[in-house]
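Here come two complexes built around chain A, the first alongside chain B, the second alongside chain C.
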Partner chain A sequence: MTTSKNITDRLGQVVVASTTGFTAHCHELYQAPPLGSLVRCGRDDGVVYGVVAGITTESLDPSRRPMARDAKAESEDEVYANHPQLTRLLATRFETLSVGYRDDVGLHRYLAPLPPSIYSFVHLCSDGETREFTESLESLSVLLNAPNAPQDDVAAAFLRLASTTHSDPRAFLVRAGKELAVQLIGQSQRLNGILRRLSR
Partner chain B sequence: MALDLTRTALQLDSMAVDIKEREVDRRARLQNALAALKSFDVEEYQSRRETHESALNYPIAAITSPPDAAYEPPPLPSDFSVASADGSHIDVDRHSLAQCYLINIGTVVLTYGSKPDARLQAQPKLYARDEDMVLRDEGNDRAEQVEGAVLGAKRAVEEVAALAEVVEGLPQDRPVVAMVDGSLAFIGLRRGVHQDLVFRSILEDGFVMALRRMEAITGKVAVMGYISLPNSAEVVGALRLASCGLGVLESKKCGGPESGRQACDACVGGVRDRDVFGALLQPGQRSEVFGVSSDVVTQYYGDQSVRFFYLNAGSEIVRVEVPQWVAEDTDILGLVHTVTLDQCRRNTGYPAALMEAHEQAVISGGDRRLFSEMLTDVLEGQGVAANLSEKDRSKRMRWL
Partner chain C sequence: MTQNGSTGGMQPAWSGVVISGSLTDGVTARLDAGSSVEDIKVGTLAAIEGERMRFLGEITDVSLESADRNLGAAPPDTSDPFIAQVVSGTTAYGTIKVAPRLVLDKEAALSDEQAHMPAKTVPSHFSRISQATAQDIEMVYGSEDDQHFWIGNPLDMETKLCLDVRRLVERSNGVFGKSGTGKTFLTRLLLAGILQSGEAVNLVFDMHGEYGWRGSAEGSTREVKGLKQLFGSKVAVFALDAESVKRKRLNPDYMVKIGYEEIEPEDIQILRGALNLSEVAADIPYSLQRKFSKRTWLKEFLALQPEAIADLATEMNVNQGAMATLHRRLGRLDRFSFMDPTGAHDSVGRLLDYLNRGMHVVLEFGGYGNDLLAYVLVANLLTRRIHQRYVDMKERALSEMSPEPRPLVITIEEAHRFLMPGIAEQTIFATIAREMRKYNVTLLVVDQRPSSIADEIMSQVGTKLVCLLDDENDVKAVLTGVSGGSKLRTVLASLDSKQQALAFGHAVPMPVVFRTRDYGTTESYKSFGYLDEAERKVKMEKDLADLYGPEDE
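And now, the complex of A and B:
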């Protein structure tokens, strides 16, 4: 596993942390990882893993709401060039569901005993880390049962992205389908919905 | 007790009727003012001004060329920056044992063109030392407390000093317009027994010095003060001096509609400069440049004396004040004109840089309460009782 300190792959910092998940504030506007991405935060001696379950871009100041600008602009880039302060006044945040952690003992695919610290650096997991984490899919139940999250879309996005890190993506997805069938016994409509998302 | 809104509403109704009646009269006076503007004789006015200015009881503008000129904005530069500073403060609380005040200065640099960028920041500073609380005159016992209007003026100095620092740090490969909100001329700062001490400390040693720092920058830099919805009537004052039907010396008795005094047939009383230039200027146009005729400016500003023009910014007539060195450079004056207009157009009527500087600087009611609580905690942590006055305690408790 790599826990690179290179700031170039740093996505942002934790601004809200709880046992079940954390929210990160992106260093750059619109630079959130895609829905379902596996991210990590924390130091070598205590890394917490999360799956991106929601992304929000909004005004930094809740009392200042964005409004439509430059009706005659030919591109969205032109709007930002005409008002360069916007990139400093808007913020992108992403929420994650905690799915595991790593400590001195090794990798665990269940909730960490403590949430990450506020301002912890958040990184996108490398293909190798994602592959290692998804060798077992026991954390899938966290995604499928998370309150206040688009559970099925997050689970499908997580599996689809993870599949690309495995040498045989199709075999990975077949294994994932079997795990889903176990997790969603008696919920055939949900199961079919997720499988449809995986097949696209 | 809550405000008696029923009684208040009746008084508001009555006021609205009065305003409507006065508006008819004001329109007639505006026509007088426009006629006087068109027929203005600069030489005759100069002569009257030199002879009678000191005896007048209303402000007049220095006018050296026909005042009815209107200028189109020059083209906007392809690359330029707009810097701005604004401030907010927490005044000295005389009900508290801890005598201190806080000034929060917000600064902004917005860069447009090939490399758009924005820098926004705020810098709070607490003043609590003895020398912060009083303006002193070296060599004698004169002293003036820094609070109220004097603190407001000190804040304005901090704003323009912060602006100078920001502009000095900018690359000189593109033009820069440095903006502050409000007037460059501290005409309203008249208080205290040691007025000269206040003016020298605030203006000569602070404000004017910061303007000089920006003048000294090698690149193309302009400084300006932006006044939204200006209430001034200095150009109208000049028209009054030039055209009052009662004569020059009697013009100070010729009243506006609110004065209840006699009015001549050509009376322009009650008309504001913005009314005149609202009728004269097309959207985007600026007026001629006029001089601020004030003894404060004459006495304390030296080579940084203040000029002004009016601009039709589209949704309102605004007043733009610039130092003399900006007014005398056609290129830089044009830069101020076109960039101010552009800032207003980018931000639905009010310059974007000023708005963002304000947002950086503003201290909310919640922050003020937190500051007060932090102050109490810090003092108590040091074993100092943060006693409040009984009046303050009474207002906070509001008990029955």
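And now, the complex of A and C:
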């Protein structure tokens, strides 16, 4: 299993926290995990799980907007090489939707009673953790009903990523699809859209 | 899980869960995601595991439901196998309807008589449903033994479906189905079953020569063995048509002859249709019998010259035209080689000799099978006399405590010819059907137009074995008076066009669709204990060896 690569990958720290989700600031520019990834923050006695629902890279200082530079540059990398300060003026943040937590009792796939604290470390979940978390798919309803999030894309991305951690990805997706079909009764267009994303 | 519930470790072909139902309308179950409606056939037996009881019933309908009323507007792209797999059983799912018929006591031992009872309630919500198991079938219909005859296999099952022959012969029975659906094959099997069980003796009016020597089959094997070939020493073949006997070089046990003296006015009555006689004309024989004598009336009447007819009519005060027609039409009997003007014959006596000895008799009509007049005349005449003798024997048995006559099953093809409204009242067959088995005689009627049979007779038929029928009236006719009959309608309509039948009634605890046991293959003959030439030789040598010890010391 390829867990060793991911397991200690620390992505960043929590900078905004609420019961329904948290926002993390990446330690390094552009180092956000892909949309739909399962991440975790907090210590052993209180882990909160989130699914990446949005990623933003912007100026650290809201009053200073980035502008186009180096019209003659051959490549984008050259732009960053010419202006090393850019990596410090820009910041990548990602927002997550809280989908569960773990306490001394065990794993729960619903909202944690308290949000994580600011500066909590955020890690990408290992394959094993992701597989365990997605053994059951109650948390899908959070993704499908989240306000201000591209719900269907997040849900599809989450399932597709999670499927690779299961021994039979296809069977996992079929099971997930059936769960979606139940959750999206009466919304066949949405269902069809998500299923199409999953089937690719 | 109880012993009944286990499927021997095998995954059931399909499964589901009860979602609604009533005793009158049946139970509706939603199929599990892995089960497709396409795997399920109407008529299949289903078992429902209730809380305390196990319910059995047949699937009467299959339908597609969707959880989403807008599904039609945005149908999923099921050409994508992934999407199809997801949608099946969730957004779109199948439901089945099952008519609960029996409940099995979960604790009762196998083959316990009281093991099943009529269902008087329905299983509770979310009870699991799946195909009935081999054990269910045996518990309800019994397993193969002397009394239980293997008649076929329940739809989509390998298990043997057996018929309780003792119960079967307690009443008159019917095999129905349109032409070519397998009635004759099924009837031949029933006859074999009755024969092997020893519960009754058979008398078969073999209109088309399909039961005695050999039967015909479609396809490559054009001929199948008859009862005589399979059960030689237990079957006697009587023949009517000397001509065809000679042509086919057959060696019948007895050539049936009928003397003019044996024909009675009642025999003419039921030939009204076949002879196209008016009511008036058909009544004249009664007067003729009074005028001449009980025995010679027909011979004397037919001997009259046409001129003499008018005088006779005047003398007897009957319509002259009617009498002339009767004279002309009865003249057709002359053509029949089996009619003997010289005297009486004791065909009936010979028949009874065989029957009383426990032999089964097939009467082959030969060429006369295509002559309705001959068929109706002979079958009715013989049956009437045999019935009379049975009544005598039975009554004697009652008063003198002598042995009862062996139960007799009389098989007639094209039964509606005898049992049509209007004719039924006059034929002996209707009487027999009505009497049940008061005199130890019952019928096995075989017919392709059950709607032509009088309702009153149909309602007396104890067990019905029905192959595909496509005429609405015929379907209605076989189902009238059957409790829960309307639920069987779809089942009947979805039978295969061959070698499949629905059985219900007296001898069947619960309606069942089955594939009729194969008949005509070497394998099938073997299953009846038939040995071919080589095998017979081996067996005989073995028997001799058993008797006298091995040849070499």
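Convention: the second predicted complex is superposed on the first by the 192 of 200 C-alpha atoms of A that agree within 3 Å, B and C clash if a C-alpha of one lies under 4 Å from a C-alpha of the other, contacts with A are read in each partner's own complex, and residues count from 1 in each chain.
To be clear about the criterion, contacts are C-beta pairs under 8 Å (C-beta built on N, C-alpha and C of every residue); 3 or more make two chains touch, one makes a residue touch a chain.
Quick caveat: nothing in here was measured; it's all calculated off a predicted structure.
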> Overlaying the two complexes on chain A, which is it for chain B and chain C: clash or fit?
Replying inline: fit
> Which chain makes contact with more of the residues of chain A, chain B or else chain C?
Replying inline: C
>> Going by the contact rule set out at the top, does A:Ala73 touch chain B (first), chain C (second), both, or neither?
In response: neither
> Just chain B (first), just chain C (second), both, or neither: which does A:Val174 touch?
Replying inline: second
> Does chain B (first) or chain C (second) touch A:Asn192, or do both, or does neither?
Replying inline: second
>> After the superposition on A, what does A:Leu60 contact: first (chain B), second (chain C), both or neither?
In response: neither
> After superposition on the shared chain, which partner residues are touched by A:Val16: those of chain B (first), chain C (second), both, or neither?
Replying inline: neither
>> Contact-wise, after the overlay, does A:Ile118 reach chain B, chain C, both or neither (first, second, both, neither)?
In response: neither
>> Just to confirm the geometry: in the superposition, how small does the C-alpha gap between chain B and chain C get, in angstrom?
In response: 49
> Where on chain A do the contacts with chain B and the contacts with chain C coincide?
Replying inline: none
> For chain C, which residues count as touching chain A in their complex?
Replying inline: 33, 67-71, 73-77, 80, 82-83, 85-87, 89-91
>> If we count contacts the way the header does, which residues on chain B are in touch with chain A in the complex?
In response: 108, 110-112, 116-120, 346-347, 352, 356, 359
> Residues of chain A touching chain C in their complex?
Replying inline: 170, 173-174, 177-178, 180-182, 185-189, 191-192, 195-196, 198-199
> In their shared complex, at which residues does chain A touch chain B?
Replying inline: 61, 64, 80-89
